[in-house]
Every structure is written in C-alpha cells, then in structure tokens.
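As written, the chain order gives the labels A, B, C, D, E and F, with residue 1 at the start of each chain.
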C-alpha cells in the first residue's frame, strides 16, 4: 500500500497525488485572494493554503479535482498543515482516478453481497424474507456505494453496507445468547433500518442531504417503501406493519427522530445493536492515532467526550 | 331539547333514560360486590353506585346498555353523584337508541361535507386538489363519525370533522391577512393532518387505539396514504412530498411525535392553527360551568392550568 | 423607488449613498489598521472593508454617518461584499438624511394611529377602554417610532406599532370565529402587551437595552404603568388586575420571562396571536430572497430551522 | 406547657380540646355517611373518623370549631390515628380560643417588631430606608400575622415575619464576612422580598391564594407597591429600580417565577439567604421526630429527599 | 414441577402452601380490622383479603410466614385475587421451607461459580486478574445469593450472579466481533461493576437498602474496595485506576449516578452490555404472560412502555 | 506595591518585567510566522503580538519565561493590547522570579495554617477530628499551594486554602445562628470537600487535570483517602461513612458530579456554603473594574450573566 499523506511526519518533504475535497476562496488582509484547500487520500485529509491565487487558480482548483503537489509538512496550532511548493492538476495520462483517493469499507462489495444474501436466506418467515429481499434488490447498487452518514460514523464509501454487515453479525451473536429473540425480524430490521439513506443522501462523494431527505427523512422514506413493497408482492400479514414499526422506532426516542418508541422486543434490541456498532466505529477511529497514556480528541457524537488509552494498552 | 342529567341540581329527584358508559365491579368491605356505573346522556356523565349487586346485575348492567333510572342527586366530595332508587334496562319498545345519548358536534354531517367540498373546490393546484379529494372520498364515512381524540379535545362523535371545519375557517381568515400563504397547501394540510386517526382509533364510541395506531400512529399512516394516493392518481410533482411533509411535521416538535420539524411556511402555520383550535375547544369546555369570579378545574392538556373567569364576564 | 444596494448582482459596479450602520477598527497582519463597515439603505445592509485606514478615516467613518461610495459587488464566502473604490462623507448640500436609509413599516404613522383609535373606540367596557386610551396617549410618540425588538422580528422603525396593528387585525378575525372571546380584553391586551418596550429599549436607531430594560424588563414596566394609570383615572374594578395579568403572562411560560402563565382565556389567545404574527414576519423575511427549490438560511429565533420554498411556488 | 396530641403514644387514652382543621364527608360502603376530621393543637395534627355521622353532626363538626374529644391513640398504616369515643363542641364557658391551637413562631411579635425596626434604623441610604420603613408600616399588622407560605416552610402564624428576622440575622453575619456587600440593600431586600404575600395569601388560618395572588403573584404585587411608595414619598433615585429588581429576581431563575435573573450582587446573595433559611427550617422540622440511625420521611420541597440522622447525633 | 399459584385460572379452586410476602392491616368502613396479604410461590404473587381479622390473626399472619390456604381464584378489576376460604400457618412437620417459595436464577450456584472462575482464568493481565479474583473470593457467598436489584430486573435469589454470567457471555461474543476490545478489562468490569450491591442491599429476601447503600451507594463502595484490594495485594499499576473508572462510570451518565462518564472504550461498552442484559431480562418477563396480538403491562424501568407480541409469534 | 500592567491606561508607555503565560505561533497572511503572547503579572494578564518571529524567537519566548518588555498600551476592539517595541528574556542577575508574577491569596500560608489548626482543635468528636487532622497533615504542602480550580473561582496560588478558610468562617457564622448544626461535621466537611484537588490538578501554575483527575475526579479520590485514613487510624464509627457522604454529595446534584445527593443536614449546608463563597469570589472579581452605572462582562460560571453596579455605589 502506498504511503498516504497522513503517514508523513512534520518536517518531511511530500510529493503526492491528492484529491481536492473542498476549496474555499479567502481574501487576505493585503487584499489578495487565496485558496484554503482540503486535500485527501485514503489515509485521511489535510489543509493547505494557496496564497496569491489567480482567477485561473480559483477556476482550476475546484473540489473533486485530482492534483499533484509537492511541499513540506508543518505543524500549525497542533494540527498538521501542508506548505505547498508546487501544485498542478493531474492529467488523464497519469492513470489516477477519484476512487483511488476515497476511504472505503475494509471488505469488498462481493463479500458484503454474499453475507447479506446468506442472512436473508436463513429467514424462515416468508413474508419477512420476501419484503427484505425485494427492497434489497431494488436499492442494491446504491446500498453498496453509500456511506452510513455525512459525518460521525461509517462516513466512507460502502459505509452503509459495512455498518449493516457488522450489525448482522452482532445480531446473530446476541440472538444466540437470548433465544427468545425472533432472528427473522432482527435481521430484516438491521437490513432495512437505514436503507432509506440511499434516498436521503446525495451519494458516496461530498455527501449532502437531498430535498426529500430534509423534508421526509430516511425513516419515513423507508416506511413508505415497505408499504409499497408489500403491495407489489401482495403481502397482507402483520409482518408488514411490524417491519414498518422496526424502521420507524430504530432511533429509540421521539427527540432523536423516531415518531414512535420501540414497542416490540426486537425493535428495542435493533436500536441497541445500531448504537453499539456505531459507537465501536467512532471509538476505534478516535483512538487509532492516540498513544498509550494519552487522551483522544473530543468526539462530538459521543457527547463530546475525550477517550483515554491506558498505558498498559501497548 | 330534553333536560339532561347535568342540568339537575343537588337535592332534585331524577327519572331518566341514561346510557351506561362504563361499569366496574367492586367488593365492599362487607365482602359483597357492588357496581360503579358511569351513566351518560348528551349533557355529560355522572357516577352512581349499585350496592349489593347480584351476579345477574353484573351481567345486565354492562357498558353500552341503556337503562331507566330513578334516584336523587347528591353531592359527594364536591362532585355530583346519583343515588339510585331504581334501575332497569330499557326495552326495545321504549324507542331509545344509543345515539340519543352521545355528545355530537354542533353542526350536521351535511353541513360539514358541504363546507369541506367547497374548500377543496377552491384549490387551484390540481395535484393538491386531486390528492385531497381522493383521500377525503376514500375515508369519508369514518371521517364524519370519528372523534378527534380519545380525550382532551373534540372527543365526541364527529369531533374530528368538526375540528377540521373550524381549522379551515381559521386558515381562511389567516390567509386573508397574510397573502404570502399558499391557501391550497394550508387547506389540504388541514384536511389531511389528522385523517390517519380513522385508522389509529377504534371508532366513535368507547374510543381506544388500534394496534396499527399504537405501532405506527396517525401521522405515519396518513403519510403512507398520501404516497399510495399519488401512485393511484399517477401524480409525480413535488406536491406529494410537500403534503407528506405537512402531515409529518404538524405536531411541531420531535418530542411531540413529528419525526421532522416544520420546514415549509405553511407547515409551521398549520401547526399553529391546529393548536389554536384545540385550545379554544378545551378552554371553552373548561370555562363552561365556571361562574364569574371563579377558577376552573385544572386542564391536563393545558399544562394542568386552572383558568379564571373575570367577575365582569357576566 | 430607487434601486437599493441589495438589488445589485455580483459583478455590478455600484455608486450610491449609504448609511454607516457600524464601523469596527481592525489591525491587519501587516500591522496596519483597517475598518469593517456595515453600510445600509432601505433594501438591507452589506459589508465593506476599508484597508490602510488613516486616523482621520477612523474618525470620519463612524456609525450614523451618510457616505457616498463607489465600488464593485463581489461574492465572498457565499455572502455579498462591497469592494470599495471610493468613499467620502456626504455633505449637507446633497439633500440626504438618515431616515432615507432606514427600513420602516409598510404603513404610515397616520394609518397606524387611525387603526388603533378605531379599535379602542370599539371597546364596550369603559374601564378597559379608558386605561388603554390613557396609556396609548401617554406613550404615543415613542410607540409610533420604536422597533418591536433589537433583532429577530419587526426590528425596524415603527416595527412595534406595525406588529400591534397586524395583531389587532388577527385578533378581530379570530374573535369573529370564536364568539366566546372578550374582544375588549383581546384588543387591550394586544395594544398594551409590548408597550413597555418604549422604556425597555433605547430608541429606533442602533437599538439597545436601557438599564431599566435590563433590570426590570418591558413586562414589569408596563404592569406598573397599568397600575399607575388606574390610580390616576380612579379605576378600581377587576379589569385593572386582569389587564396586568394579560401583559404579565403574554410570554406564555415562566422560562420565557412571564412570572405567571396565562390563566385567563384571552391571555392564552393573546400569547398565540403574538407568536403567530412574529413568526409570519420572520418566515416572510427568511423566504424573501430564496428561489423555488431552495432552502433559506437558518433562522435563529425559529429554533435555528431552515425553510424550503417548494418548486411549485413560482 | 400542656401535653399536645402528638406527645401521646399508641395505646394511650386521650382526653383533650382540639381544633377541627378540616372536615370531609364520606359515604361508607354500607351507604351511611361518615366524617374524616383533621384535629390539631400546637403540637401538630391527627386524623379521626366519625362513623355514622348524622346530618346534625355534619353541620356541627365544621372546620374552625373547637371540640372536646376522648378516645384511644391507634396506629393505622404506620401513621397515628385517633379512635373517637366521644366528641362534642366546646362551649363559650370553657375558656378555650382558636389561637390556643395554632402553631406560632418561637418569638413574639414585639421581639420581631423591635428587631426589624433596629435593622431599618441601621440603614444609611435615606431612599432605601424611607421606602422600606413606609412599606413595613403600611403592611405591618398582616406582616406580623401571616405565614411565609401555604406549605413547605414557615407555614405557621407569624411565619413570614419569623423567616424575615432569621434572614436579617443571616444577612448581617454574611455581610460581616464579605464587606463588599451593601448592607442597606441586603436588609431592605430581605424585608421586602416576600411582603407581597400579605396580599397573595388569604391570611394566617386555612391559608389559600387570593385571586390577585393567583393572577399576579407576590413578586409583581410588591414591585408595584415599591413603585407606589416611591411616588408617594417623592423619591426618584435609582434605588427604586434596584429595590424592585431585588424583589423581582429573588426566586433566582425564570422557571421559578422571577421574570429577571439576579443582575446585582446583593440580589444574588438575597436569593441565597432566602433559600438557606427556608432549607434550615424544612430540615429541622423533618429531622425533629427522627431518632439517630433513622431516615426522615421524604421532603417534597427538598427534591423529595429523605434525610439521615447519624447514630452519633444523640 | 408443582403447579404454582399463577398457573390457575379464574374460577378454579385452589389448595396450596404459600409464603406471606407482606401483610398490611386495614380498618374496614364497618370499623373492623382486615388484613391485605400478598402471598407468593416460585410462580409469582397474588393478593388475598382476610376479613374480620382478630388480634391473634394479625399476630400470626406476618411476612415470612408459610401458610396453607384454600380458596377460589377471582378476577378483581382485571387482576387476579384469591378469595380465602381457609388459612392457617404451616407447621414444622409439613416439610416446607421458605426457599421453596422464592424465585431463583435458572442456573445453579455451582454452574455460576465455575463459569466465573473460567472467565477469570482466561485473563492475561496479572494485575487485573489478581484484583478481580481477590474481590470475588472476598464477597463470594453474598454474591451468589443476592438479587441484582430491589425491583425492575433480576430481582430474585442469585439474580446478581446470574446477571453477571449473562453479561460475561455477551462480552465474550462482542469481543469476538470487535477484536480491538481488551477482554481482560471487559470481563473484570462485568464481574466487579455491581459487586458493591452485596453491601448496598440488605440481602436476598425482602430486599431493602442499607444505610451505607443509601449514603454511599454500590459504585462508591466498590471503588473503595478495589483500592483496598490493590493495597493488600501490593499492586500499583494503572490497572487499579482503570478498574475503578470502569466501575465508577458504568451507569453511563452523571444524572444516572456515575460521577464520571465513560472515558475508556471498555467502560463505554460495559455500560452497553449491562443495559442490554437488564433490558432483555425485563422484556422477557413483561412478555412472558402476554398472548400473541396483545400488549404487555407498562414496564416502569423501560420508560413506562407497553410491548406488543406480534400475532405471528405463536 | 509596584504598578502592574493592568494599572496603565491606553496611550501609556510601558517598561516592565512580565511572565509569559502562554505563547502560540501563528502564520500571517504574508506567510510569515508570528507569536501571540499572553503576558502576566500579579495585576492580571494582557495580549501582545510579536510579528515576523524568527525560529529563535519561537524557541526563546515559551510559556513560564520571564521577559523584559517595552511598548505602548493600545485599545483593540475594546480590549487592551500591548504593542511591543522591545522584548528580551530576563537573566538570572536581574533578581526576578516566577512567584513575583503570580496572583496569590490575600492571606499568608501561616495565617491559613493557624486558622485551620484552630478549627480542627475546636472539634469535639475525636473520630472526626483525627481523620481531618490526619488528612490535612498528609496533604498540607500541596493544599497550601494549589488553586481551587483551573478557572472560574479562586484560580490562583493558594486559592484552594483561601477558599477553605473563607468557608470555615462562614460555617462558623451560620452554625451560630442555627444551633442544631453539628459544627464538627461542618468544619470537617469544609476542610475535606475539595482536598482531592491536590491529586486531581497538576499544581499551582499552568494548572491542568491529571489522568487520575480525569478518570476518577477529586470527589472519588478524597472518599478513598478518608477510607484509607480510617483504616490507618483504626477508626470504625459511622463518622467515616458520614464524612465520605459529605464529600461525595457536596456538588449537590447528580448532574453536577455527585453520585449521591445530600442526605444529611450538614451535607446540604456544606453544599450551600461552598456555593456562596465561590459566588462571592466570582462576583467581586467581575465587578472590580466596573464603574457605577455600568454592567460587567458576562460571567460564564454564573449562568453567563452580566452584573450591574448601581449608580449610588460610589
């Protein structure tokens, strides 16, 4: 694996292809424009300033452009910054493409697909199985590409599908310990709970909310989809309503965006599994770069807490 | 109009047909069973005790039975109570029926229908108009019968429709003062906002929640219905999503059961109109029996406040 | 009407008289001072930077000074900014005055006065009518000039009076639909509810809070004024206390600054009317510059929400 | 001092004069009426049941009647109850009067008056001194009789004045330790802070809220009174507004009924002194009957806590 | 297994040995005393009334007495009640003992001991292992007897140990899926987190709080115990403080009684595992007696929610 | 006393020794580095910019360095700033030391020690006295040096001890007025309540939290210490647990970090005394530089309030 921009140390000279994640124009106090660039590759992102930017520069160095840069890694207020010496857009002969620079899930789409297919195959209730299979098939391509969120957790390519697969394994382990749980419901709930995000979010890159996402939200979108699927498949059992309830209530509380609190055992447990997998993802990422004996940066989505890595965790 | 049970004074002798609203068996400290009966007519309801109730009594004096009673009106801890002298079930020759004893909206179903038809007729946006008309037609008979809630406000026969008509008049008056409002959206929002209650609630008498009402709630039910209506009518404009948003957000806050807060001007105003009409209904009922210079009983749904009727309100 | 500074597009050359709303000295990283000017006319306000400001510049370009500027309209981080080419103070021969640059209510003081006089005239309860007329007369000149607030809603010249007139029309429309409401109380409550702001705030321009406004607040100030008015007019009926209660409780909740919650029907409705008119004002201003299919900026006083203008709202 | 009803033990025979605090009619399950009497003397109150009460009994044994009773002290569900053998109203020759049965403050009215006169005398700022003296004089007789509240703390005859005197001593001690405090303001704030209760509450016996107390509250009432006093005394200094602020803000938070939070140092400290003295009163009363090693009953106004008396507190 | 009192249906005649869980004396409206008895066996508890109780009855039928009863099972207000025909205390020849009537964990103490020994054996960090083993040994006999709480979840004999064993299995399953977790910390945290309850609670029967439990609580008690253990074992590594942090923070939030929020990954996950196992226990018990298509009673510790058993859960 | 940096006025020339409190490197828009220095002496601190800082400058002008500076006092956005003309590190011959620049408590360590010794001497309960004396002796040297907090109140050298001494005097005055208070408990509670801060915080200069402080907190640390002290002194009475409860509950509420609310009278009063002394300290500091008729800056730890100094406070 190539050495990513975050694997260098302060003082190193850097020469790399990077993707412009965002580009913002500023005006310096001498009246001249400059660009604040966020540059990324699979290892993460870093800030760089382009001083005295010409009108041409502003036009060329837009988000989603791949650039070749050389420069020095500096420390600025405790955060790394790239001091640019040279920057130019990459050209088509150089054989680099956007996907080379995006973080992706640690398992392949094929592995994901095969795991999910297996879990659906194991379901015994035909109504639950058919609805789940139908909706998974309908949205499969986006499902395999989308992130699980715009930020906070699993915010990378295939993050949504990776989150679902982790949750399915967790659901399986928990159901093995508490046999009163209905595995069909639990698996279907895991697979469908966030599937509405493929319509709520704009896509895997520079992810933002769609108008539908803002006005209805992924919960309502997916509840509607389950209703439609049942009609198309001509399914009328209580399973339809129960699956809708699982999706509806999976945020756990009204103030977190669920219009109904969980009122079915598997709905309550689904909420827990979702939370636990998201927290593990956030905790691992926060502690990744922390040395034993140190505290992590504050994690906004974990109530702004800072986490400690014990000295004996070598 | 006949003199209702609440129009008598303490000390009066009473001889009336009444409907048993509920009947609860108790066991007195002497070990003998008795019945606590809530008896009602259109004027309201009153408690009565039937001491030394036989097994036969328990079987006969069930809820939804019409009875002929005679007795004395007493005061017990500040509340009126009926001391029974005689009680017997009414028979079919006596020409009394359940609907004679239920409170209903002060306007007829025909008036309601005609008003709503007129408001739909005035809509200019064909997509909004067609969806509203379609759903109103589909659920019309229940809509005209159901209460607006199980308690708190408009909890009587046709209460839902009466609430909607009052809100429509209010919407019209407000839109006349603030011309930037989209009347079509406002009228459609008013008509559809609580229509899901015809599936959330069990019906106009002894109203309770259905399983669907508990697990999904009237908001989600109606958002689904709008989606289905649009499909059946082959309507694809943004109006569909906007109407869904109006219904979705009409409780105003997440913690009040709306999974999205109002993000469209008419959605915000709809929430206000709903609130204002419900409050006026509760305030009027609370102050109805209060004399000038006195405070009303506490009203739970108005933050448990007690309201004062000024001395000069004669 | 002349073309205001907000009616130009990015790239346009501008030559205009403008009023300095605020002027803040900064020190650039080259050690030289500069001024950040907020310039306004009736159409709104815009930022401009004056680089390398001399001591003389700092002295001349103070808030409340009218200036003649020429420059170019630029886009800076998504907000418009004026790039100054020339700036000089206007002189007395140029016939411009401060009031030419201030936003004012869309109706004249005469119209306001006539409307309020009419509503007071319609009152039937002489105690309510006399107190209201007395206080309106006492504070009339400030009432006609003051804004309704320092920010959020109706924060312009005559904003307070314009807010009151809109609320009176709304009160009239609502009272027509709910005849149990006491119109005298409602009108008096509307007229008096915020009248204390003429002592709480400093005035119509560069509005801030007075010491009395900070320590007592407009609610307490006006409750005291009603007490004094009643003494001067030798009025002793319960109307005095009831009017004081309406003013006292019009914020609706203790945590919003009302030491008593509404306990009279008209007090509850007054709170609603106040809220509804303020929200309509904020919503209209937020959506004014938004194109169909877009979201507005976040509105702090509307729980920081962003509002969507539907595509079909052309 | 005579032995009070609470000084007897379960099993004792009792023969005492007692005051009926409240009398409530019930109907037993055998259909016959009975009376629940709360009987009190200075030592506290106790419940008694009068079975098979005649119409005459109901008329005679009303609240505020002094009765001669004999009976046995029983334990019923962990609380003491008086099992009546005989009960009759006391007659005028028996030389008992209502005040013999009411709890009162542990210092006399004369001591209170003399202490308060002394604290006012020590004030150096003539404006503060004159307003305080004027209002104390105006409301003196009620001030010396009223309780500080209907329940929770100092809810006995002269409770208000006793609370004020304790707070004055506390204010003096604190001001001695923190010399930056303005003693005049602190003393005046203590004396005036609850004085509005003489209009908010109905009186020292069977205390309830007046209409004015409900609609305006003691805070607003006293702020108005300070305004009137200043006018009558022709005082115009900032002291008037500052005293009003002290009264206005003494509940400390908006949600506790102060429309403004403390914004003057002495206002903040006044809130603390008020709280501390009220808590000491509640704590002492809760722990009075508790033995070392036991927990008290829960105290509602102390967040429903139960307090422990250490074993070594003998 | 014998048929328990809860396995009978309304109308059945019952003849059983039962344990008196509580006995409360009441006085009926005819002035005669009666006893309200809560009678239990392993299947649960039921209420019975003993009318016209003599002084002898009151003395004999105390809590913790085993009685032989015969009677009829009745329905009273939707709850089952036992109508007594005969009741007498069991005598020593009848071979019944208190433990026959108490609910206990579904696994034996030996199984529990062996599982916990195994988990401690698997630990690799000697400091963590020694402290855990030391404290488990010190409190083992109470640990194996005590309930996990006085109510809500695992409130039966050996409930604490059963809860710990379930959590250990859950911790193992989760750690298998998220290999970054420190299993030693997780297992030790699970074993120690509630061990302080053996000092906070009074014991396995008629469980109440000790004075130490009220004033310090099981969290503080166990943090102190870990400190003492480390001193006795002469262990000084950071493991001591980290284990204390795990116990300290396992309630997850300050307002739930943890003076520190989790700041170590395993502390966060421990809180989740604790919650999940407690919820599963409460959910299973709530749904145990519910038929498909019905809602359970409300569960206070699950935010007072009622849970639905789907129709297809047969 | 020498004239401190805060005693100069804008426009004055300054030549002073100052201590660098913090030094932060920035990069100006011309690409050159600069330093933002916070310089302090006993009178307070002030900001200064060092433009065009060389690598040498960055190395030399670190926090905790004493420098000799000359420059001009300027006003920048309403706050004072020092415009540097010259700056150099002080050398060892110049006779200046760090303690010359640190704010310290207004009484000496000897006075503190003598007062605390006296309060401990007055205790009558030998268990309480011995534990308090033991722990005071154990941590005395840090106790006399440490601040009471990193910010908000008493955040200066010896701040902790000064806070304790003020609280002791306050406790004595309050106990004199409420004789039911146990003075031994109150004094011991005051002395021990924050003593854990000597392990929670890093020390008197550039104070930060230790790892133990973050993971356990001063409350838990001191509760452990009391337990150890009791063991070492072989004390077993209830006093140990009661003292632990006082320390445990002194923050007053769970959400403020106390795992138990006060359940002993002296614990409740200790919480009040702590609060009152901290607030007096914050209020005095906030109002120190405010002129009569003005408002202070907002004080974060006093709910972000601003305080007014009355005009008559000259």
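By our rule, a residue touches a chain if its C-beta (ideal position, glycine included) is under 8 Å from a C-beta of that chain, and two chains touch if they have at least 3 such contacts.
Here's who's who by UniProt: A, B, C, D, E, F = 3'-5' exoribonuclease YhaM.
Small disclaimer: the values here were computed from a predicted structure and weren't measured.
Novice: Going by the contact rule set out at the top, which chains touch both chain D (3'-5' exoribonuclease YhaM) and chain E (3'-5' exoribonuclease YhaM)?
Specialist: Of all the chains present, those in contact with both chain D (3'-5' exoribonuclease YhaM) and chain E (3'-5' exoribonuclease YhaM) are B, F.
Novice: With one step meaning two chains touch, work out the least steps from chain B (3'-5' exoribonuclease YhaM) to chain E (3'-5' exoribonuclease YhaM).
Specialist: 1
Novice: Compare the CA centroid of chain B (3'-5' exoribonuclease YhaM) with every other chain's and tell me the farthest one.
Specialist: Checked the centroid distances; the maximum from chain B (3'-5' exoribonuclease YhaM) is F.
Novice: At the chain C (3'-5' exoribonuclease YhaM)/chain F (3'-5' exoribonuclease YhaM) interface, shared numbers over all numbers used: above half (same) or below half (different)?
Specialist: different
Novice: Among all chains, whose Cα centre is located farthest from the one for chain C (3'-5' exoribonuclease YhaM)?
Specialist: So the farthest one, by centre of C-alpha atoms, is E.
Novice: Equivalent interface to D-E, which of B-C, B-E or A-B, with over half of contact pairs matching by residue number?
Specialist: When the contact pairs of D-E are compared with those in B-C, B-E or A-B, B-E matches.
Novice: Could you state the distance in Å from the CA-based centre of chain D (3'-5' exoribonuclease YhaM) to that of chain F (3'-5' exoribonuclease YhaM)?
Specialist: From the centre of chain D (3'-5' exoribonuclease YhaM) to the centre of chain F (3'-5' exoribonuclease YhaM) is 41 Å.
Novice: At what distance in angstrom does the C-alpha mean of chain F (3'-5' exoribonuclease YhaM) lie from that of chain B (3'-5' exoribonuclease YhaM)?
Specialist: Here chain B (3'-5' exoribonuclease YhaM) and chain F (3'-5' exoribonuclease YhaM) have centroids separated by 61 Å.
Novice: From the C-alpha centre of chain E (3'-5' exoribonuclease YhaM) to that of chain F (3'-5' exoribonuclease YhaM), how far is it in Å?
Specialist: Measuring from centre to centre gives 46 Å for this pair.
Novice: Touching two or more other chains, which residues of chain A (3'-5' exoribonuclease YhaM) qualify?
Specialist: Residues 29-30, 211, 214-215, 238, 242, 263-264, 295, 308 of chain A (3'-5' exoribonuclease YhaM) touch two or more partner chains.
Novice: Can you work out from the touch definition every pair of chains that touches here?
Specialist: Result of the pairwise touch check is A-B, A-C, A-E, A-F, B-C, B-D, B-E, C-D, C-F, D-E, D-F, E-F.
Novice: What part of chain D (3'-5' exoribonuclease YhaM) is in contact with chain F (3'-5' exoribonuclease YhaM) in the complex they form?
Specialist: So the residues of chain D (3'-5' exoribonuclease YhaM) touching chain F (3'-5' exoribonuclease YhaM) come out as 125, 166, 169-170, 173-174, 176-178, 180, 182, 185, 237-239, 242, 261-265, 268-269, 272, 275-276, 279-280, 283-284, 287, 295, 302-303, 305-308, 310-313.
Novice: In the complex, go through chain C (3'-5' exoribonuclease YhaM) and note every residue touching chain A (3'-5' exoribonuclease YhaM).
Specialist: Against chain A (3'-5' exoribonuclease YhaM), chain C (3'-5' exoribonuclease YhaM) makes touches at 28-30, 34, 51, 76-77, 293, 295, 308.
Novice: Which stretch or stretches of chain A (3'-5' exoribonuclease YhaM) touch chain C (3'-5' exoribonuclease YhaM) in the complex?
Specialist: Result: residues 24-27, 29-31, 211, 214-215 of chain A (3'-5' exoribonuclease YhaM) touch chain C (3'-5' exoribonuclease YhaM).
Novice: So in the complex, the part of chain B (3'-5' exoribonuclease YhaM) that touches chain A (3'-5' exoribonuclease YhaM) is made up of which residues?
Specialist: Contact set of chain B (3'-5' exoribonuclease YhaM) toward chain A (3'-5' exoribonuclease YhaM): 211-212, 214-217, 219-220, 223-224, 227-228, 231, 238, 241-242, 244-245, 248, 254-260, 263-264.
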